[in-house]
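A, B, C and D are the chain letters, set down in written order, and residue numbers restart from 1 in every chain.
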Amino acid sequence: MLYKTITKENFRRMIEGLMEDNDVFGPKWRDRDKNGDKVYRFLKLNDFDELQMDYTRTYSSPKNFFIPFKETLSTYDLAETEWDQQIRYTVHPRVIVGMRACDINALRKLDEVMVKSAFPNPYYFARRRNTVIIGLDHEPLEDCFCRSVNADVVFKGFDLFLTDIGAKYFVAIGSDTGYRIVDRFGGEEVSEADQDAFKSMKKRIESKFKTQVDVTIVPELMDLEFESEVWERWGDKCMSCGSCAMVCPTCYCYGVEEDVDLSFTHAAKQRFLYSCNLIDFAMVAGDHNFRPEPHIRLKYRYYHQFRGFVEAFNQSLCVGCNRCGVACLAGISPKAVIDDLNETEQR
Amino acid sequence: MTLKIPRYDINREPFMTQTPDFNRKSQLLQTERTYKARINAAIQLTPEEKLFQIQILDPKERAQFSCLPGQFVMVELPGCGEIAISISGSCSNHEFIEICIRKVGKVTGMIHRLEAGAMVGIRGPFGTHFPMREMNGSNVLLIAGGLGIVPLRSSIYWVNEHRPDYKDVTILYGARTPKLLLFDYQYEEWRKVFNLTMHTIVEEPDENWTGPVGLITQLFDQVPIDPDDTFAIVCGPPVMFKFVCDHLSALGLPMQRMFVSLERRMHCGMGKCCRCNVGSTFTCLDGPVFDYWSVMNLQEAI
Amino acid sequence: MKVAVNQPVQIEVEHIARVEGHGNIKIRVEDGQLIECSWEVVETPRFFEKMFQGLSIEAAPLLAARVCGICSISHALASVRAIERGLGVEIPAMAKSVRLLAKHAETLQSHALHLFFLVAPDLLGVGSVIPLMKTHPELIEIATRIKRYANEASDLFAGRTSHPMVFKIGGTTQRPRKSQLLSLREDLAETAPYLWDALEAFKDINLPDFERETEYVSLGGNGDYPFIGGDLVSSDGVRKSEDEYRAMTNEYMVDHSTSKFAKLSRASFAVGALSRFNNNFEGLHPIAKEVAQELGLQSRIDNPYFHNLAQLVECFHVLYESKELIDELIDSPDYEVATAYEIRACEGVSAIEAPRGILYHYYQINKQGLIERADCVIPTGQNHANIQHDLEALVTQMTAEGREESEISLSAQMLVRAYDPCISCSVH
Amino acid sequence: MKYLGIELPKPKVAVFGFTGCEGCQLQLANNEQNLKDLFELVEVVDFRLISSDKLGGYDIAFVEGSITTDSDVEALKAIRAQAKLLVATGACACLGGVNNLRERFPLPDAVAEVYGEHKIESGQVRRVADVVPADIELPGCPISKLEFEWLVRQLVMGVEPQFPRYPVCVECKQRINTCVMDMGILCLGPITRAGCNAVCPRNRAGCWGCRGPSEEANYESLVEILREHGFSEAHIAERVSFFNAFSGNQVLPVLE
């Protein structure tokens, strides 16, 4: 990998330059919560100053740029007995600034499913290929546990990745596009001092992790504790509201629905993000439900993330951002559930 | 100073302009493109079940379509929905695809209203198949309950078309009432022409029924099973195949030689929507045909 | 066609159509004498005043909206503003503009609904708008475009077209985003020509020739055309403050009605577009004034059928004033959406010009912030008596002219519809 | 009309309003750009709010409002006898809606409060299903126009409409709203049936449950959460009883 540095003024010029011809998205603040803290969201930037480089965490993950909550898979013009099907994968180039290591790692996990497996998903692929990602390091928050699931550092899946080293950003370059961008906007060679600054920043980040989740034998526990009362305990609180999956950077389950317009001349097949926590996720005709209870559905979300995905790809699907834990009003977080699971096993 | 990022247009890739081939999984392709197919005949089997014979319109696409017993297709009625349906006819028949649909809800209900001449879209085939070639040189036991005969039927055709490859082939088929026995007009042909042994059983007989009455496991008394040289395919509701497979296990049939077809909610058929996912297993990719050992190792399989 | 003068006339219209709510007309004329002529309101009451009791002030605007699906924005505004006036809360300027914009959106949407869907079928001699879709597509296109803009504006400024949820005590829940305002402004610019087309369509209509000198009540402007709060005035020279609303309405009960009736200086008075027009003509937006001139309207009109034209003039007023308000909002640096408030025991009144006329909400609030007593005076309730008197005069006039029963019946129904009554609202 | 070779019938539709604000009926007449297509699909034979034509003989009846008087009951029974399909339309018809707030007080008190000595006919507030069976309940206060159009398509196609079973939170998250509970605003989103596109949280107001409970709503858990968030019992009680959506859950006292 190539590394460069870029001064903060040049970084500003870079973003402004990119904004002229492309859609650039980055963390902006949308609301204040009841404690007066800012709530962030990835939104289109109209002005460099809207970009919050010191943001903490967006409430919802940037996954929706790649897997939108709703997307049209194909459209149809209907005639009396015939139809004409149209499929387009048109995505205009865009740039996302400020994605965290965990969010980029999340995309790499999605790549496994959406691009590298059987039946690659062209909708996802078109979005992925047309998105330039400029990542950004940060000091972990109180509840970040990406380190426990090996998602705190990232070496691939971005075009540029920035680490704040004071007056400059230390830049890892992950693609040709990334290289050209840095080059165009005054990237500099990495000096000895830059390297030191980078190292101490990294050390500092490393030292700041507070939350640890012990996932050592979690894949096995998923099977061993399949009937455990842990699930019921948390399941009783779960409102099957799907918030956790919606904000999650990796949850990708979906549903497909088709509908016609009122004139019965046009139809569309649409995909919408679903959650395995929702009551009818596994319901089939005749109202038979393979997962009739909240705790069973909750269990399967964890089962997919910490057991199924590990079996398939040697890594957990969870990247440790704790967005689900924040979004869940019932206080169900991976940390809490897995700790409980570990403890129950010890007893 | 600006930098315009060039657009990567996936639509221009050569594979986007070709007709899709669902067996060529290595490439990106128009996964949502359906083959347009015309219904040639729609035969009402029972009040709830209808058999459709459909033909892919485009000759090139038709030639490209090839399947194996146990696989399924996604059948679409644009604007109404898309559903997973097993292939029920002969897989060597490259002209027609036969599917049998039970009316249970929105899409199946609408498809039932289609008459000969109407069209549906199909994608596929998807999923694993019954390992018919592995069974060469052995006895084959085909066991179906209720609608389970539908996917099984394509194996019956396969066996007939490759009859010398197999030793004794026996069909055991049970339904709730005699009227619900599907394809009864074909039994004679299966027995006499296909040279298969066939036993049927019902739970609730009517006045004309002369055959045995009870659960399908009762038929085992009538067939000799050589556990060392037999393969079994079991299709039917989960409760049924659990009973049947346990029975066969008890007789000494290895779990790896029993095959079942699982049913799950499905929205894509391509291992993406996760509706049929159990842990790492996708019923649409790794199934619907599983050997019984795999099923036993799936949490919540049945 | 003239008929024998003493032919008896017997008209009974049960649940008159194309009005909101349930009302009946009964007319009996024998030997040329008007024996019976009544406007009955038979809507089932919901007892809103009772429903408010014990609710928190936070819930009040939401419940108030449910008084009427068509003018829910007015009710919510009246409610939230009454509470604010009681608590002594001054809302930020931004919230004021957003509220007025929401109000205008409602006025436009309600007037368009009335003119095109409820009145136009009468003028074109059909039973409803449905056949017009085939015969007068251009008229439908106009209505569609105007209503679409009004709906979008409601969505943006009130949260949705009916039952707004953004008016919270102290202001609004949020500031519309700049991008939304820009796209709405574009929408507005595209809609304006359709309104001018509507003017062409209504310019030459023939409204029945009938006049009855009436007292008109509305908010009183000071050179403006007010919709939210201010003094209460009547064309007979009464001027009162909002807090004196009871003296302005003098509600009373009648036998054949579940709605209350009202009176001021005489037996009855009128509220609504025509009253606002008559009382505040000078305050109209210059473009609306121009339109009035084009329609040949001056500042005092006593023909109740002209309610319809006054509504048309108001459509211009609200559209062009909205444009100015949106422009201001786009450039405004203001981000404060609501003022904090403290709960205390108090009483508060607010008057709002709903599409159908002046509307009052009154609340008495206890120190826990719960509503002890509520009172709502609905525009249509204030109009009922006037409708009744108009009907009597109209039937008398038409009988004298020897008109046919069917003609009288239609004119009577059109008269009721001209007031655009909102009956379920008046009963509440 | 034909749809892919399937003949679609053109049902006759009537719309009736009982005790309510007529906001739902207004939604039916809204979205004008689609009205033309709508009237191609169905024949409107009785819709007093917009039409004086009364042709009778309908297949589908949309009934808005709750049922309060004896004459309402009779009228509704007559509608039920005629209609092949009866759609309870909106919160008042499906749940009793805000009208139910009146039930906190004895009827004579309410009459006296509003009308003094004057005699007024009224009765208990009932939902449509309390009087006659409703085939379909179209939720919302007001109903969503898009959902109504969708429903009409389902009915014309002859399929049983399947409303979302999951709660409002799903749609709220899909619109990437900040959770209003984090902003200190009470919200019933986690237990209320989705389908409104989370319009209230979208506008930074909490959900009031106008669409009724989602399927197997975890009422107890939400109430526990609301208490932990510091909302008072009275506040919670007012919210859950506002549209009468959660009257089946007797965890909280009826508010005074």
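The rule is short, and it goes like this: a residue touches a chain if its C-beta (ideal position, glycine included) is under 8 Å from a C-beta of that chain, and two chains touch if they have at least 3 such contacts.
Computed from a predicted structure; not experimentally measured.
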Chain occupying the most central position, where position means C-alpha average: D
Taking each chain's C-alpha mean as its centre, the one farthest from chain D: B
Result of counting contacting C-beta pairs for C-D and B-D, higher pair: C-D
Gap in Å, rounded to a whole number, between the CA centres of chain D and chain B: 43
Chain C and chain D: spacing of chain centres that average the CA atoms, whole Å: 25
Mean-CA-position distance for chain C and chain A (Å): 50
Whole-Å gap between the CA centroids of chain B and chain C: 64
Set of chain B residues in contact with two or more other chains: 77-80, 105, 117-119
Chain C, residues touching no fewer than two other chains: none
Shared-contact residues (touching 2 or more other chains) in chain A: 78, 81, 83, 259-260, 264
Complete list of chain pairs which touch one another: A-B, A-D, B-D, C-D
Touching residues (chain side chain D, partner chain A) in the complex: 1-5, 8, 34, 37-38, 40-41, 149-150, 152-153, 165-167, 169-170, 173-176, 178-179, 181-184, 189-191, 204, 214-218, 221-222, 224-225
List of chain A residues in touch with chain D within their complex: 30-34, 39, 41, 59-60, 64, 69-70, 78, 80-81, 83, 236-243, 246-247, 259-264, 272-273, 275, 278-280, 294, 327, 329-330
Interface residues, chain B side, partner chain D - complex: 77-80, 105-106, 109-110, 113-115, 117-119
Chain B contact footprint on chain D (complex, rising order): 3-6, 157-160, 162
Chain B - residues contacting chain A, complex: 1-11, 16, 25, 27-34, 36, 76-82, 104-105, 108, 117-119, 121, 263-265, 267-268, 270-275, 277-281, 285, 299-300
